[in-house]
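A, B, C, D and E label the chains in the order they appear, each numbered from 1.
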Amino acid sequence: MSRTFLLLLQVLVAVVIVLLWHVASSTGLFGDPKTIRFFFSTPVDVVTRIGTWFAGGTIWYHLGITLLESALAFGLGSVGGVVIGFWFARRPMLAAVFDPYVKAANALPRVVLAPIFALWLGLGIWSKVALGITLVFFIVFFNVYQGVKEVSPAVLANARMLGMNERQLLRHVYLPSALSWMFSSLHTSVGFAVVGAVVGEYLGSSAGLGYLIHQAEGVFDVTGVFAGMFVLMAFVILIDWIVTKVENRLLIWRPRPATAAG
Amino acid sequence: MSRTFLLLLQVLVAVVIVLLWHVASSTGLFGDPKTIRFFFSTPVDVVTRIGTWFAGGTIWYHLGITLLESALAFGLGSVGGVVIGFWFARRPMLAAVFDPYVKAANALPRVVLAPIFALWLGLGIWSKVALGITLVFFIVFFNVYQGVKEVSPAVLANARMLGMNERQLLRHVYLPSALSWMFSSLHTSVGFAVVGAVVGEYLGSSAGLGYLIHQAEGVFDVTGVFAGMFVLMAFVILIDWIVTKVENRLLIWRPRPATAAG
Amino acid sequence: PVQAQEKKDVSLAVGGKPLLYYLPLTIAERKGFFKEEGLNVEINDLGGGSKALQALIGGSVDVVTGAYEHTLRMQQKGQDIRAVAELGRFPAIVIGVRKDLADKVKSAKDFKGLKIGVTAPGSSTAMMAQYAMVKAGLAPSDASIIGVGGGASAVAAVKQGQVDVISHLDPVIAKLEADKDIVTLIDTRTEQGTKDLFGGSNPAAVVYAKTDFIEKNPETTQRLVNAFVKALNWIRTASPEEIAAAVPDEYHLGDKGLYVAAVKSSKESYSRDAIVQKAGMESVVGMLKTLEPEFANAQFDTAKTFDPRFVEKAQKR
Amino acid sequence: MVRLALVSQDAPGARERAVMLDGVRITFDLAGGGTYEAVDTVHLAVEEHEFVAIVGPTGCGKSTLLNAAAGLLKPSAGTVRIFGEPLSGLNRRAGYLFQQDSLMPWKTALENVAIGLEVAGTPAREARDRARDWLGRVGLGAFCERYPHMLSGGQRKRVGLAQVLIRDPKILFMDEPFGPLDAQTRLIMGDLLLSLWSTDKKAVMFVTHDLEEAIALADRVVIMSAGPAARIIGDYRIPLARPRDIAEIKLDPQFHEAHREIWHALKEEVLKGYRQGDRS
Amino acid sequence: MVRLALVSQDAPGARERAVMLDGVRITFDLAGGGTYEAVDTVHLAVEEHEFVAIVGPTGCGKSTLLNAAAGLLKPSAGTVRIFGEPLSGLNRRAGYLFQQDSLMPWKTALENVAIGLEVAGTPAREARDRARDWLGRVGLGAFCERYPHMLSGGQRKRVGLAQVLIRDPKILFMDEPFGPLDAQTRLIMGDLLLSLWSTDKKAVMFVTHDLEEAIALADRVVIMSAGPAARIIGDYRIPLARPRDIAEIKLDPQFHEAHREIWHALKEEVLKGYRQGDRS
């Protein structure tokens, strides 16, 4: 399947969704259009709003803040998840002792944590970053932990017999072997990093996309809410695309579905 | 390491944490104890509150609601994630087309979605279940999707040569092979299911632990907030323990770290 | 003698800035009153009033625009917090009943067994609904209190019949009234409605800060209060249309007419002189004592909840 | 012994061809760009009820050829015909014993063997009974409940053998099936294979490094040249009588003659391949 | 040829023992509960600069024994001594070529070979140069940049061989190292191994199914009985002179005599093992 064709299909899906939305918000086909507009706005309004934002230029500032927060949350959270994941996987005793606490921590509603982060880290970007980290960390952690345990016993035994010490095993065996697990979790956590940042902003801040959305929500400005969400999504797709590029580069050694050259 | 010794260590960790908390909230060692109490309450108060709750018996009702919501979110979300994950993994075309949309959907801040779910599903348990599903689904989905792609090419080729059709491959090859990926994601998503339910309750409901926590928060009753969180955690540890049991049962075929019998 | 200004940058927290409840803040910001006073105010919008208070206690912000009731609650928790200016003299909360139940439910007496939608459990909307029930001879637990959130979800809850009664603020009320979805039973946006329920005024939004902060930064506090007093004065004299023009377009609820109508009905609730009246304080204390068992026998020192010096000085200019 | 002309099977009236590789070329894309031509224009026909052994230096393309015939690998050029029909997709009439471990690690030996019958619709109970019987035939009656990681290399291979044979396919591809087995077990397995093959018309393509084994078992021995661009450079018909006792057949002078001739041809190729591996 | 008394190496004044398995027993826990006694009380000593081949029926416990000697598996009873010291943890002085594929799939052939030097501190450039040289010696000079999945079975095995040999360990464990290689390549690899072994004092434990190979290469051939509870049932010193030309040695009458004797002993065992597999 060629790239253009694929792109075409992708665009088609978007067109269908927008069309449905448009029909729902302008005709009576799916219920009272006024009510639908009240809750979902209309595609034209949303696009116009996004246009105004970008034309006005203020959106860049908010986008920049959110981007920074998400990037920090993603970076710190995933590095933390990877490091602790490896550490736990290599220290079964430690893992066994802390296991229930990690699981419990993962179950804390992040919304409740927001005031505590604000207390410790202030209302600046760091409390949002912390919120993002609490989401990203666990996703990456559990996957890395499992990924390390999935290393092929034969490869591991061989590597040990080749004289690798714990650090070298990590670098040459565990890490590459767990990479696909890591990347799988990174795809999930890109989204969650942004969610964390936005929720943090939503719960208390003076800038960022979450702030914009919160402002809009309080005054029934659904157009603003949806415009904010679309900007957000576009921006996550972008980050995820970068992650995918890196992934393909690092996992070049994998067998692709077997076919010979044409 | 014996089970008792492990349990002892685990309890020790809890004791250390509680002790630190107690010292922080009753002496000036870590800053103004009044402020610390305002944000963290004290261990004694929290335990007393939990005691009162269970003695009074009303907590069971709230716990039951939250349990039901979490279980539904976990069940439906993970089944959905598994099914769609498999479906996408086996239909690369479909996956390629919808890929950006799935990623984008994963980036939607769930807090913003809450009103929409409330609109569609009312304020009963289902809007909370939906919120939980939006968290659980993506975590499971991405892992299953990756897990299916990680099937050993040799085993897959062999299974195909043995005459398996697509459905049989799924049952006998993809599913068992992706099981450890699935379970890894389930450990993460147990927590997230509960978070989804609680956040949903927090944003609008008349019962459940999230409701209790929110109510406590509204009147600055930190003791109530922490008591709620601890009950929540205890309860997640319980569900996770069940998941682990099931996992160990299903993954009995795995090589354990090589040692002969003593 | 003009004192030296201790602090130029002030960070302020508010729980839901676009709400009409906090209109004086938006006016002070948009009309440049903070700037005129030489202040650089960073406004942090938080998820709710209680979060704003937590931010203050935690030291993340210097001042808060929030409910007067907070100062009383904090007194019980040993946190010294004082109001320095009153922004709203009436709670501006409206209790309405769904249209199709209007002929059966005529007053708070009839709430027994109904579902009452409030912004959040434990919030002031919830407390007022319960207070109304207690005054009507019911117990606070006779109706079930359902948190429906602040925005569109509250509207949805009423439209879909998931709650029978709603205790809420503008703009949710304005929207529901405009769509003729509810019939108003108690309206504390007006003097009459507030008097009927509380027997007098009942301070709502105030500007408060830690006493520490006030003591250490009297001049900064003064300037802040000056700005708010200016804003209140401006609101008193402006027409609803002028107010609508002064706030950002996004605040217009997607429909300027609706916003103007909402401003019109709320206008009376904004403070006249920015002073919290003694009777109003007692009224809030009464409500707390009625609704919260743990406060039933508590001692409140209302004199320590409001510091009138700054307003008095501001009025003199 | 008859040295066959390459692709000599074009004569009309020949038995129906089970497998026909017609001008098959296989080129791999390399990860860093560039390609590697593994197999160059191979013509090879295997008739129904013919046992063809393929020998050749390591890395010449034997497994690749089997993969192409099994439909696991699309040739870059040429066609694969199975019973006369061009193959597209998987070769559903073949059983394939792979060179590398490919048992399902989550199934016990018994389940691994039974699965081929189960997916074809045999009731589970019957499939298990027959699988147990088959495991007995490959000498693993006591290892039914073992998961693959609890078996030795040779035991895994034999489970794989049972897994393939139990399905009774019309065409058998076997890639070094007896590699990790000791000489004695090899003989037993070879006997088993031959007896199955002879009671039923089966076409077999059998890759091995053991020339004696190839000659003892096969009707024809095909020799491949060293890669890259490996070709078939020899195709020998083995005139030994059937049924054969493969333990005793090595004493037959015809066996020795065949061995000597093929060995000579092969040796040259191997040395060539070895030197070639050194060039870039 | 000398048939050795079992554990005859207890004589004083013997060369230092590189590996000493002293009453080693190995029992596995089975998944469904129960245990399986794989190896029963084995005494085996390998001296410095001694080349010991181990043959035995499939599944008898050869790999298990090597795993124990390598420290990968803790014996249930008995001790393993390496140069006189009891082994605890990994045997750091040994190189081990595993029976199954165990290259790191994320490293190219070159990286796989170089890694053993790199982890020991050799500068990366030098390690790669030497690895390239080694890949040439095993006939894979042109395959340096290939990832393991792009190599044939025999090529992977040879990469594994280079990977182990490049580190120049004092003790070598090799589990069917030449299994997937053709006869000619086997000879070349055998020569390579012998020349390395003879220039340097190395103790070798070499598992193979090819008795000729075992006799051609080894100083001693050890025969194991069929499992369960496999034991060493034969220990033969091979009196052939060194250096040996392994391609020609098969013509030596002494070779034939050794072969016949050991073959006879082995055959019995295999048949026994085969029948045993059938019992539960």
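Assume a contact is a pair of C-beta atoms (placed from the backbone, for glycine too) under 8 Å apart; a residue touches a chain by one contact, two chains touch by 3 or more.
Only a predicted model underlies this, so the values are computations on that prediction, with no experimental measurement involved.
For the self-contact between subunit A and subunit B, the two sides draw on mostly identical residue numbers; the shared fraction is above half. Greatest centre-to-centre distance from subunit E is found for C, with centres as Cα means. Between the CA-based centres of subunit B and subunit C the separation comes to 37 Å, rounded to the whole angstrom. One simple way to say how far apart two chains are is to compare their mean CA positions; for subunit B and subunit D this gives 50 Å. For the pair subunit A and subunit B, the distance between C-alpha centroids works out to 17 Å.
Centroid to centroid, with C-alpha atoms defining each point, subunit A and subunit E lie 50 Å apart. Residues of subunit E in contact with at least two other chains: 28, 31, 72, 100-101, 147, 149.
The set of subunit C residues that touch two or more partner chains comprises 54, 57-58, 151-152, 156. The set of subunit B residues touching two or more other chains comprises 39, 115, 119, 153, 157, 202, 217, 253, 255, 258. Taken in their complex, subunit B has these residues touching subunit D: 152, 154-155, 157-165, 168, 172-173, 176-177, 179, 253-255. Of all residues in subunit A, only 1, 6, 9-10, 13-14, 39, 93, 96-98, 100-101, 103-112, 115-116, 119, 138-139, 142-143, 145-147, 150, 153, 157, 180-181, 183-185, 187-188, 190-192, 194-195, 198-199, 202, 210, 213, 217, 225, 229, 232-237, 240, 255, 258 touch subunit B in the complex they form. Contacts from subunit E toward subunit D in the complex involve residues 28, 30-32, 55-59, 61-64, 99-101, 136, 139-143, 145-147, 150-155, 158, 176, 179-186, 188, 209-211, 266-267, 270-271, 273-274, 276-280.
Within the complex formed with subunit B, the subunit D residues making contact are 70, 72, 90-92, 94-96, 98, 100-108, 115-116, 119-120, 147, 149, 160, 163-164, 167. Residue ranges of subunit C in contact with subunit A, taken from their complex: 11, 13, 16-19, 42-47, 51-52, 54-55, 57-61, 150-152, 155-156, 159, 171, 175, 250-254.
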